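What follows is one structure encoded as structure tokens, with my remarks underneath.
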Amino acid sequence: MSVVDDEDATLRERLADEPVPALRVLAVVAVLVAVEFGALANLVMSLPWDAVGAALPGFLQGAAATIAGVGDGLAGLPTLLSRSVIDNAGYQLPSGEWVGTFMGLSPAAAWLLRVALIYAYGFVWLLVGWWSYLVYRDNYRHADWAPVDDMVGRFRNHSWGLFGLAIIFAFVVLAVFAPALGPTTVDANIADPYLHSIEYYSEETGGVEEIYVGDANGESQSRGQGGENVGPMQYDQYDRFHPFGTLPSGKDLFTFMAAGARVSLFIGVASLVLAGGAAVVFALATAYYKGLVDLGIVIASDSIQALPQLLVIMLASFVLSGTWLANLYNGGVVLALLFGLTGWPGLWRAVRGPALQVSEREWIDAAKSFGQRPSVTMRKHMLPYVVGYLLIYASLTLGGVIIGVAGLSFLGLGINAPTPEWGRAVSAGQPYVATPSWHISLLPGILIVIVVTGFNALGDGIRDAIDPQSDVETGQQDQTAAAGGGA
Amino acid sequence: MVADSSRSDAGTAAEPADDRLLEVENLQTVFHTERETIRAVDGISFGIAEGETLGLVGESGSGKSVTARSIMGLVDSPGELLPDSSIRFDGRELTGLSETQYESVRGGGVAMVFQDPLSTLNPVYTVGNQIEEALSLHRGLSGLEATEKAIELLEDVGIPDAARRVSEYPHEFSGGMRQRAVIAMALACDPDLLICDEPTTALDVTIQAQILELLADLQEEHGLSILFITHDMGVIAEVCDRVAVMYAGEVVEQAPVVELFENPRHPYTRGLLRSIPSTQRGADRLETIEGEVPTPNAPATDCRFAPRCPEAFDACREVHPEPVPVATETADADADHTAACLLYPEDETREQAVDRHAIEDAPPGAGAVDSGGESR
Amino acid sequence: MSRPGPERTATGLAGLDCDPGETLLSVRDLRTYYESGDLIGGQPVKAVDGVSFDVKKGETLGIVGESGCGKTTLGRTLVRLEAATGGEVRVGDDDVTQLSGEDLQAWRRNAQVVFQDPESSLNDRMTVGEIVREPLDVHDWGTPAERRARVRSLLEKVGLQEEHYYRYPHQFSGGQRQRVGIARALALEPEFVVLDEPVSALDVSVQAQILNLLMDLQEELGLTYLFIAHDLSVVEHICDRVAVMYLGNVMELGPTEELFEDPANPYTRALLSAVPEPDPTAEIDRMTLRGTPPSPRDPPQGCPFSTRCPVKIRPEGFEDVDDETWEAIEVFRETLRARSRAERSLSEQAREFLGFETRFATVDEVVEELFADRELPGSIREPVDRATDLARDGDEAPALDHLREELGSVCDHEPPAAHGVDATARESRCHRHDDEYEEPAAVGPSVGDAE
Amino acid sequence: MSRWSYFARRVLLMIPIVFFGTTITFVILRMGPIDPAAAVIGASGDTEAYTSVRRSLGLDQPLWLQYVDYLRDLFTLQFGYSWVVNRGRPVWELIGVYAPRTIWLGFWSVMLPLFVGLPLGFYAGLNPNTLSDYVASFGGIVWRAMPNFWLAVIFVAVLTQSEQLFGFQWESWLVETNIVTPPELQRLWVPENFFGAFKAILPAALVLGSASMGNEMRIGRTAVLETKNENYVETARAKGVPGRKIVYKHVFRNALIPLVPIITGEAFLLLGGSVLVETVFSINGLGYLFYAATINADLPLVGSLMFFFILLSVGINIVQDLLYTLIDPRVGYGGEGA
């Protein structure tokens, strides 16, 4: 009987019983957090807290300020993978020696080293995630086998899906570590170039000079034919390394892209959380209650879908452009809201089918027959099936949102002007596509194609993992999801 | 996977009759999945004479439907027929035929009626259109002539108001009417052999009775041979002349229908018959076969029924039984009754019987009883 | 029983505590209609259309019938998975169809279902333990530890092992899954269990195992079963009494043995004679029914079985018409009925409107075929001609009405009442049980186990 | 429920959709701080002019009354006048001028994918897991992932430089056309005009249809794969129908059914995408007009155009249902066989 009693133990008791594997995981996580703690705090502090603070009632504002102070302090902690540890900014003496860079490496080498380390760090996190799943499965789960094991197994053998995962992983790392990945920073290079200066070795004076970044940018423009061009993997005349070349304004394209990735990812994820949440709640409700509830939501979603999504977002973001809302995260919050509000019908339609299918299963009747509450029935017996499908379409839709946001900023709408956004780079490079400065338009476009393809591949992988039989049924919904409203 | 290729050449088919319309010998159909190879049909042999109805009975997963599809040449990748399989129809070997060559056999020689009449008919064409398609292929009819013939066929299968029905879509038919239409479509091909794959399973009893009656009439009228696949012993008793009982991809017993029901020899057949409630009127508890049907995923080196068999002994787990003739009880003197069980032939001692099965099972050159078994 | 049982709340349903053999459930004129999906008008589907019977404590009542006869809907209505349209289901002084709140929860605890499809009745993202435990959680049964212990004992009781607790349904075969479903239904120690075709998805050999298990459990726990099935041999084996349903009505109801030995209702007789016997030597005098059951949206006005009944009463004055001619009339009516249900496409409606020929204009051919080589007496010829004229214009409904008025009998006009047919409280709904007509058994072929 | 009452029901459902869609537009127009009157009079800031514009726009009325007026005008198809973009011109007239270009563009961006993407998808579905299938599938996915505006930019650049890149000049090839101007749509029945207009729109249509092309290919492929495994296809084989005929008769027609909503859905999606493509190719179509009206705060024009789009969308939906009822005899059939 003792065996049986053991099996009754809760997860906490099981952890207490056999703590070693869990502690090992925890230790590795702690180390990983410690080396990047400053960056983490920085990330937290970079969220639009001011807006939150302003919205707080007076007596809380003091407390908020204190917390903010602590947060800023923590943000200042040194981190392993930061620009200050592995610096790629410096200048070259006529002797060929590099000054100011990490261990005297060339800026390109220093930058590449930092990029490699950051990606390695991200990859370690991925491995830790996988490892903790294995530890849980082998040490703390009662069941020897669970349906999710099969799904994971199928996904692991799905090379197309893994390809998608790899791309998305690269994209997410790019977005999350954007400040550390760029050869320079948004503040210094893009937002306030005249508040920052750099040192360079001047051949004219034969010594090290200082110059405003803004002035230096003016000398490193990429404007096609006329000889002014800083292409990918080139140095400008101030010894600054530009992995993707420069913009027509002379600003660094890679820094621009990395920061833009962050904006895109934020809008994509935030809008999908909103749209996905609404879609799932509505899908469960319509599938469970059917009838009038279903009809009502059909009409609501059809009404929203009767408006061309991109045009509505364009209109609404223009209408709202003067308001406080439009300034949150440089307009990102508004876009996320708009994409969420106009995007839920598409997602809802996609998961409604699976939800209806699950609601026809006899186990739902069984739950009703012994008096299970509707909310619990939906959560326990329907949600697990719907979530998988939601992930598929969320993945496809995310690609669509990225395209949509880029399309809007291509038109000069959406994200407020100096803030980097991929579409703006395409727009800026439009006149130079067929010139030596082709990189300005082409690279962001190719990046979008790769990322969107990655999201599509990931969606395919998830679909085949959760539902190896059906392929078509779900196919119908792809289109609107992935097309970003036609941008 | 090597061991069994020539296994059944020796045994089986107690009566190698050349006059039979269909002769299946050592049919092996396997399906390759990522993990394993399922031997859905594993070396079965049987034949059907002209005008005869052979019943193929077994539980789900026993390989009945795969047998039918193999005969029709409808087994596609990831499934395949292993090289030694042989299907002779009207003296012609079918296994090696190309897809184009098979097209003349299908319909023309052999037609098939499937289990689910709704999904069998293409939903976007009228019933008449689909019958006329068969008519134009096999009888060269077209236009008005074909339509008239289609109406005639629908009337033949007992569909009232056929002139109107011919231009209706399958979804406008009820289940029983649909199955009648499918049968009409099969008849349009003017076949010699009709394969019925659980044609009444999806139907209600009163409709089933109609369809069975119809099939009997048609058989008489057209002189059809029928391969009737079902899991329902009652239906078997009603429509068949001879019965082959399948278990886990193999034919375990084969006999004329009366003989089989009155004198079942294989323990599986006995168990199957006894677990039908209506054979045990008045009994408080039903007899059961414990356990579940296994999935045949490796060549058999034992009796696949042994784990569930109440009469199993040690050798059952080591020797693969081959069909051997068993004594008959009915008056029918030339009733060929075979059973694949180590208990038989009953006129031999148990050791002799086991040895006989072991020898027949062993591939030439390989002496060991369990050859091929250890390799996995 | 020593286990901590759920205390029956004081809130009523006292009727559940009756003694074995007493009436547990009393169903009176129960009706369940489904609204059609059409926004504008449309007939409801009369799935259960006025059904009355009693269920006695400790017995197994079988409900048999073909698909679409309403047997599953009836079971679902009893456990409140469907809302009844009318009638009542009495348990003591309470009407189950009206229960709400705590009383409803009490009923839900005491009335459980075992579903047909073992693939779909278990949530395959939950372990077997969680599945069986869920009803206990919902009704706050005992402590969590007690619940787990109870689940283990239940698994054992239905023939599974304790270690199956942490397995998922995927790891089980159909028969084992059905055992899990039974364990779940029994978790709350219900009084009444609806078994909705519990063995029809299983192979015969496994089916026998489950039937034995169900009978053992009934004996041990004193359960009351409502056993829904289409397989008559299974019903005959397990049930004490049987109700035969057709088109939402109970046609015959009585003790199993008597009903199977000497079926009284023409439908029961047809149904029994249609079952193939697993005995190749059996000589059967089969009654093969014509056509298919009518749509439950639009049931016949009189007896539900009147459209297919082989022993339908003839109206007065037509007793001498020969059988084949009379059969032809019935086929004609059946054809018109089918036509009236068939849908006309837009182009057909246009053709009809413009007076062109459509596939519906072939009614003359039908008449020709049916009646060409027959001498029809004027009393038949006239209504047939009139109906043909009406149908030629596409008005099948008036044509049918006309035929019913002129050539219909009591079977076409009045729903039959329940008649007691033997000493054992057996009831059958058929006009032929009226004294003025011959009994069904006297006019049809002999059917039943008694040979 | 018959097919046609199903169809009628669907049409009936469109009424609340138009109503709510219009309401949403009204809310969006009014939720921000933009004052239509201020935009009309521009920076001059004349109070008197401002008040008179307010009055003539009805802005001095209570909001609910404005809403009622707004609905009444639109539902009676009185679209009013443009106030900023093209001052004083009736919206209907503007639609008359701008719409043909968008329709021409939209028509070809529906047709091109249909005649390129669909056959490719069917081909891939008939030959699954071959090299050509992989190439087609992967190509379709990447082609679909390309943002329209970016693809348009590349097209314009490549075509203007076609002489250097490919050795022939696109603009003078076969017919003289420009790359970034609206197509000439006069007298299309003259073959020369027709071809010129077609060539002028071709790059834009290809770009706008790119996503659809990828989609239709992918979904066409899976639909064929799925249909191939249907029982009725097996039945057709069992009755000896030759392989080629099975494909044409039994696979293609059934595979088309799931594609109907895809194709019509895309037709609607093009409206949104047309803004970007029309901007890049300088095609003064409806999308461009809407964009111009938006950034100039010509809210009356925006409202009317949006209503027009809603009507278009509803119209496309009706066409879709009509196609469905024609192509699939089962539509709306909930009943039982007789």
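Order as written gives the chain letters A, B, C and D; numbering starts at 1 within each chain.
We adopt the following convention: a contact is a pair of C-beta atoms (placed from the backbone, for glycine too) under 8 Å apart; a residue touches a chain by one contact, two chains touch by 3 or more.
The UniProt protein names, listed by chain, are A, D = Peptide/nickel transport system permease protein; B = Nickel import system ATP-binding protein NikD; C = Peptide/nickel transport system ATP-binding protein.
Quick caveat, the model's predicted, so the values are computed rather than measured.
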{"item": "Each chain counted as touching chain C and chain D at once", "value": "A, B"}
{"item": "Pair of chains joined by more contacts [C-beta pairs], B-C or A-C", "value": "B-C"}
{"item": "Chain A-chain B separation of Cα centroids, rounded to whole Å", "value": "58"}
{"item": "Centre distance in Å when chain B and chain C are each reduced to the mean of their C-alpha atoms", "value": "33"}
{"item": "Intercentroid distance (Cα basis), chain D paired with chain A, Å", "value": "30"}
{"item": "Residues of chain B touching at least two other chains", "value": "172, 174-175, 177"}
{"item": "Numbers and ranges of chain D residues touching at least 2 other chains", "value": "333, 336-338"}
{"item": "Shared interface positions of chain C, touching two or more other chains", "value": "292, 338, 342-343"}
{"item": "Chain B to chain C touching residues, read off their complex", "value": "59-60, 160-161, 163-164, 167-168, 172, 174-177, 204-210, 212-213, 231-238, 240, 257-258, 261-262, 271-273, 275-281, 284-290, 292-293"}
{"item": "Interfacial residue positions of chain D with respect to chain A in the complex", "value": "13, 16-21, 23-25, 28-29, 31-34, 141-142, 144-151, 153-154, 156-158, 160-161, 164-165, 208, 211-212, 215, 218-219, 222-223, 225-226, 258, 261-262, 265-266, 268-276, 279-280, 287, 290-291, 294-295, 297, 302, 306, 309-310, 313-314, 317"}
{"item": "Contact set on chain A toward chain D in their complex", "value": "298-300, 302-312, 314-316, 318-323, 399, 403, 406-407, 410-411, 413, 423, 426, 430, 433-434, 441-442, 444-445, 448-450, 452-453, 456-457, 471-472, 475-476, 478-480, 482-487"}
{"item": "Residue ranges of chain D in contact with chain B within the complex", "value": "230-232, 234-243, 249-250, 253-254, 257, 327-330, 333, 336-338"}
{"item": "Chain C residues within the chain A interface of the complex", "value": "76, 79-81, 104-105, 108-109, 111-113, 115-117, 120-127, 131, 134-135, 138-139, 145, 148, 152, 162, 165-168, 170-171, 181, 184, 188"}
